[in-house]
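Labels run A, B, C and D following the written order; every chain starts at residue 1.
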Amino acid sequence: MPLTRRSFLAGTSAVAAGVAMGPWVLRSHAQAGPIKIGVVLPYSGVYAVLGESITQAMELVFARENWTVAGRKIEMIKEDDQMTPKTGIEKTEKLIESDKVDILTGPVHSGILLGMRDKVHNTRTILIVSNAGADDVSRGKCSKWIFRASFSNWQPNQPMGGWVARNVAKDVFLVAPNYAAGKDMMTAFKETFLPAGGKVVAEDYPKLGETDYAPYLTKIRNSGAKGVYCFFSGTDAVNFVKQFDEFGLKQSVRLTGAGFLVEPDVLPAQGKAALGIISGHFYTPLLENPTNQKFVKEFRAKFNNKMPDGFACQGHDTAETIVRALKAVNGNTQDKARLVEVIEKTEFDSPRGRFRFDPKTHNVIQPYIYVREVRDVHGGLNNVVIDKIADVRDPGTGCTLPA
Amino acid sequence: MTAPLLAIEHVSRHFGALSALNGVSLSVAARERRAVIGPNGAGKTTLFNVITGQLAPSAGAIRFEGRAIVGLAPHAIARRGISRSFQRTNLFPRLAVGENLRLAAAADGRGSWNVLGSVDRLAAPLGRAREVAEAVGLAERLAEPAGRLSYGEQRQLEVGVALATVPRLLLLDEPTAGMSPEETARMTRLLQALPREMTLLIIEHDMDVVFSLADRISVLHHGEVLCEGTPDEVRADARVYEVYLGTGDDR
Amino acid sequence: MTPVDLLGQALNGLAYGVLLFLLSVGLTLIFGMLDVVNLAHGSFYMLGAFAGLGLIAATGSFWAALVLAPVVVGVVGALVERTCLRPLYRRAVLDQVLLTFGLIYLFEDVVKWIWGGRIRSIPGPALFSGSVKIAGAAFPAYRLFVIVFGLAIAVVLWLVIERTRLGSIVRAGVWDAEMTAGMGIDIDRVFTGVFAGGAALAGLSGVIAGPIRSAYPAMGSEILVVTLIVVVVGGLGSLKGSLAGSLIIGQAETFGKAWLPETAMLIIYVVMALVVLFRPQGLFGRPLR
Amino acid sequence: MRLARPGGFVALLALLAVFPLFAGNYPVKLLHEILIWGVFAMSLDLLMGYTGLVSFGHSAFFGLGGYVAALALLRWPGATAALLLPAVAAALAALVIGFFSIRVSGVYFIMLTLAFSQMFYAVAFQAEWLGSNDGISGVPRPVVVGLSLAAPRVFHLFLVGFFGLAGLALWRVVRSPFGHVLRGIAENEGRMAAVGYPVARYKLLAFVIAGTVAGLAGSLFTQLNGYVSPDAFFWTTSGEALLMVILGGTGTLGGAFLGAAAFTLLQSLVSSYTERWMLILGLTFVLFVLFAPGGIVGVLRGRIGLRA
């Protein structure tokens, strides 16, 4: 027995060096292996570009640390959720049960997030959400074990209501895909839009994945609205923006929306049609804070001159949270409750501003929601900041942590 | 005089401009053996199809045992007691001979709706299938898939399937078509041995079969009944020779 | 709804319907003649869009792509027919379903491999950029071009099928392929030709749709179902039916979106169910049995 | 049909029952998916392989079972909500859809069933009270005869039992007099009518039985994941089930199960290793159709294309 103990003390001395002796030593032994970070994201289909941005930024952050924290290697296990709940849930199960990941991250799809929520909660797996914005996860379905480093759907939209009413138009047509996120975002927008004297001319909810918006655009044209506020992403965003321009609406109606409408994943495909669109988002690569400048520089150097986008920022903050929390517990991932406490207190300078979690909901407090306009600057189409609203935190209605 | 078993009254059937049947009237008494002859294209098979409900008549009425059957689905007409064989072999090729016959024998539906039971317990249809197999000379081939039988055997099974439902009226559409002389002879014996209770309506080109089997003969020509009578009467009718035998139907 | 609004929506529906026609006419002829349920027909549409994208990049001309992309897709179609479908004609419908279902996956991934999963926008021709005023309301010039072009193709197809020897062979083949073969016609080549032609038309619609709907790998499997519905509504194997079905579905979906956006998805299925219930062979299909 | 021989089948069930003792949670989860999809595929095979009805809308019943279970379990987490209601709902839907679809045949039947399932999809995708695109999550597992299925071991045995019963029931059905009538219909529908079978009614009952079993499978799938989404209704769900049946070998219940296993493993494992999983999957199907038309069972029998 003494012999065994001595030899393994020697073997793990590097790890154990900064650690208090006693029970810690034993635990370090159990943890000599790598720290496994599970990633559930879409790597195929239209949304693969989102998964790619998030993953690249995470890799960038981990690479800065040489893929080692507190003497333990970091290992990312990536799974393609194919943007379908069935697969996403199956992959979550694999990562939790088979790979026994220490921390889980992802997904993009809100449905997958809601689908994996109970599994994560019941198995006490720490999940850091790197995109999906379903409000519920910061409300009635919040969990002690779930943090969100991206946004809740409410966040980029609620501040925009008042801003649009004051600066763009009072008569506004609302359009969003017909599903929970779309409706939630429009509701959040109205929270500040109506009190500021705005009037909703009409609202339409085309199906998610609509390819031809002509019937809706015809309605908008004839509604007399002075502005449109919308939420679209991916293919929907490209087609809506292009067709909006095709119908000649840009001359008479101002197009505004949630930031996803004109993120860099869709902006090149939209081209000139996107010029002048005003959107609210927590990030744009043009931000001038030093953290962001460094991030943009490193990201472009590493990934073939690609501009980081909001998704990359989410990936960055997800990984940064993980690195800082792991350092704080000295690589001990066994004590989950402690790890949760540490993550809750994690605070750092993110490309988007000062990053911290709301202890009430475990959702990120957006340092700013930036009001951005698409302009042709810096050699291409970019979202230029024209205004900002500080400290946007989700109301967290119905969330009682620790749950 | 008792009512006929099958009464066909002024039945017509048109396909577009073509009329395959043109006001055909025909009645068959119970226990009778009636042959329908006529050159190709005379409308014989169409007549069968109209009787058994595969085709709806364009006009006219058909009564079986005094009840109208026009408009009933084929299965409902079969249930009334009319069964038929087909000119083109029409079997269940991947099912065994015994199963071909058993399915037909169980078509009255009793037991066939049983979703969880075993086929082996259906004693009556199984017995009937063996009986018919014996009658059509396929008792040795019960387990063979129907598709693997020789052509002659398939023709025998074709008649067997029609027989297995125990019809009161049996319609046979050229049962000996394409058979060798020996096979034809065997088929003729088989048909002669059928019980008299089973009324027979048979389309046949082989005159030897017709004359050795039929009590009466109807001659169809251009969708109309040209004449009708005993074999001797028909044999003596000059018109028949003209349209049918005389014009040298070349088969 | 004002008259201007009505007109605008009708034009929207017409542009969409014409697109559906180009897609469905190939499918319906393949159905009618080869008896093949070609689930990969949407993939040809997708391939057309991406081939167009590549050709525009290479030639710098939308018009060159409009001519060449269908040729490329037609060749792919011919290859598929020769290598994969030919051995299956005498097999069950099911095998063709499985095969063409497999092809959907295959084509989608190959395209992703070459072009990546990103949504690509296809630049429309400069000639038809912007919008024109119709009865005082702006309507995209490109969509007007689509309407005119699609209807012109319909007329050409009608002439080819009704007035040429090739057309009469195809018409005969739709009714009874076996009989046509008996007439001493090399039915194999006709089959390949029809399949390749159908694929080329789907490719053409992909190029046409590109400037409106963008190009992305899943676009083919998304459009497939509505194309199948058009074919069933119009009647298998019928050119007239394909046109009628396309225009009906195009208008039904457009006005559905305009008036009842939240149930718009249902409308086309309801139209189809009604047609199949009351006229199972479709509007212009040959009667069943 | 080796799998369906009573002795072999019992041995298989026993093996499945003790599987978690030797395997990790993830393989067990995959096994659960295979069991549920296996039942779903077998129910489709009753139509495809035994009745000759190629339905492209079987997902309607799978999804309906899943949604009814989700809605019901959120209120009353018991056996009624988990089994009875989904089964009844699926049976009723199958009765209505079947009544209309069976009037047409061939390609029209494929299209009509497809359209019906897409209608369900459209409703689920757009209805807010069904969670639209996000579906319904947080569905609890039921308590059945005093046992909570939330316990993994209990749920595992419940699933194995369900698979065993469903497999046995379908096996009995295809061997019953009714099943033989179905085979006759698949072989030669016209002759079946000519000897006196009301073919449409037999087809309808087959459609209802298959739909009911598919509904139960859908309910179990919801219970497995605690979640249901409109994807369950989408036509590709029907397409995948068709592939499973054909991959395994049409007209052999054991083949449908093997096909489900092969498909699930292929999709899960390949997609963990390469982003090119769609290509590999597609290629597999194409090669299977061209070179192994009898499916896995056909290959196992060594007599490709010849079914007993």
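Everything below uses one rule, namely that a contact is a pair of C-beta atoms (placed from the backbone, for glycine too) under 8 Å apart; a residue touches a chain by one contact, two chains touch by 3 or more.
On a predicted model such as this, the values are computed, not experimentally measured, just so you know.
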Those chains which touch chain C and also touch chain A: D
Farthest-lying chain, centroid of Cα atoms versus that of chain A: B
Closest chain to global C-alpha mean, per-chain Cα centroids: D
Centre-of-Cα separation between chain D and chain B, whole angstrom: 43
Distance between chain centroids, defined by C-alpha means - chain A, chain B (Å): 76
Distance between the centres, which are taken as Cα means, of chain C and chain B, whole angstrom: 48
Whole-Å gap separating chain A and chain D, where each centre is the average of the chain's CA atoms: 37
Junction residues of chain D, two or more chains touched: 125-126, 278
Numbers and ranges of chain C residues touching at least 2 other chains: 109, 112, 262, 265
Residues of chain A whose C-beta touches two or more other chains: 44, 178, 207
Chain contact topology (line, ring, star, complete or other): other
Every chain pair in contact, whichever chains are involved: A-C, A-D, B-D, C-D
Touching residues (chain side chain C, partner chain A) in the complex: 2, 4-5, 8-9, 12, 15-16, 109, 112, 116-121, 123, 130-131, 137-140, 142-143, 212-214, 216-219, 222-223, 254-255, 257-258, 261-262, 264-265
Contact footprint of chain A on chain D as seen in their complex: 24-27, 29-30, 33, 125-126, 128, 131-135, 137-138, 225-227, 229, 231-232, 267-268, 271-272, 275, 277-278
Contacting residues of chain A [partner chain D, same complex]: 43-44, 79-80, 82, 84-87, 89-91, 93-94, 96-99, 110-111, 114-115, 117-119, 134, 141, 177-181, 183, 207-208
Of chain A, residues touching chain C in the complex: 44-49, 178, 204-207, 209, 211-212, 214-216, 218-219, 221-222, 234-235, 238-239, 242-243, 246-249, 265-266, 269-271
Chain D residues within the chain C interface of the complex: 48, 54, 56, 100, 103-108, 110-112, 114-116, 118-119, 122-123, 125-126, 235-236, 239, 242-243, 246-247, 250, 276, 278-279, 281-286, 288-290, 293
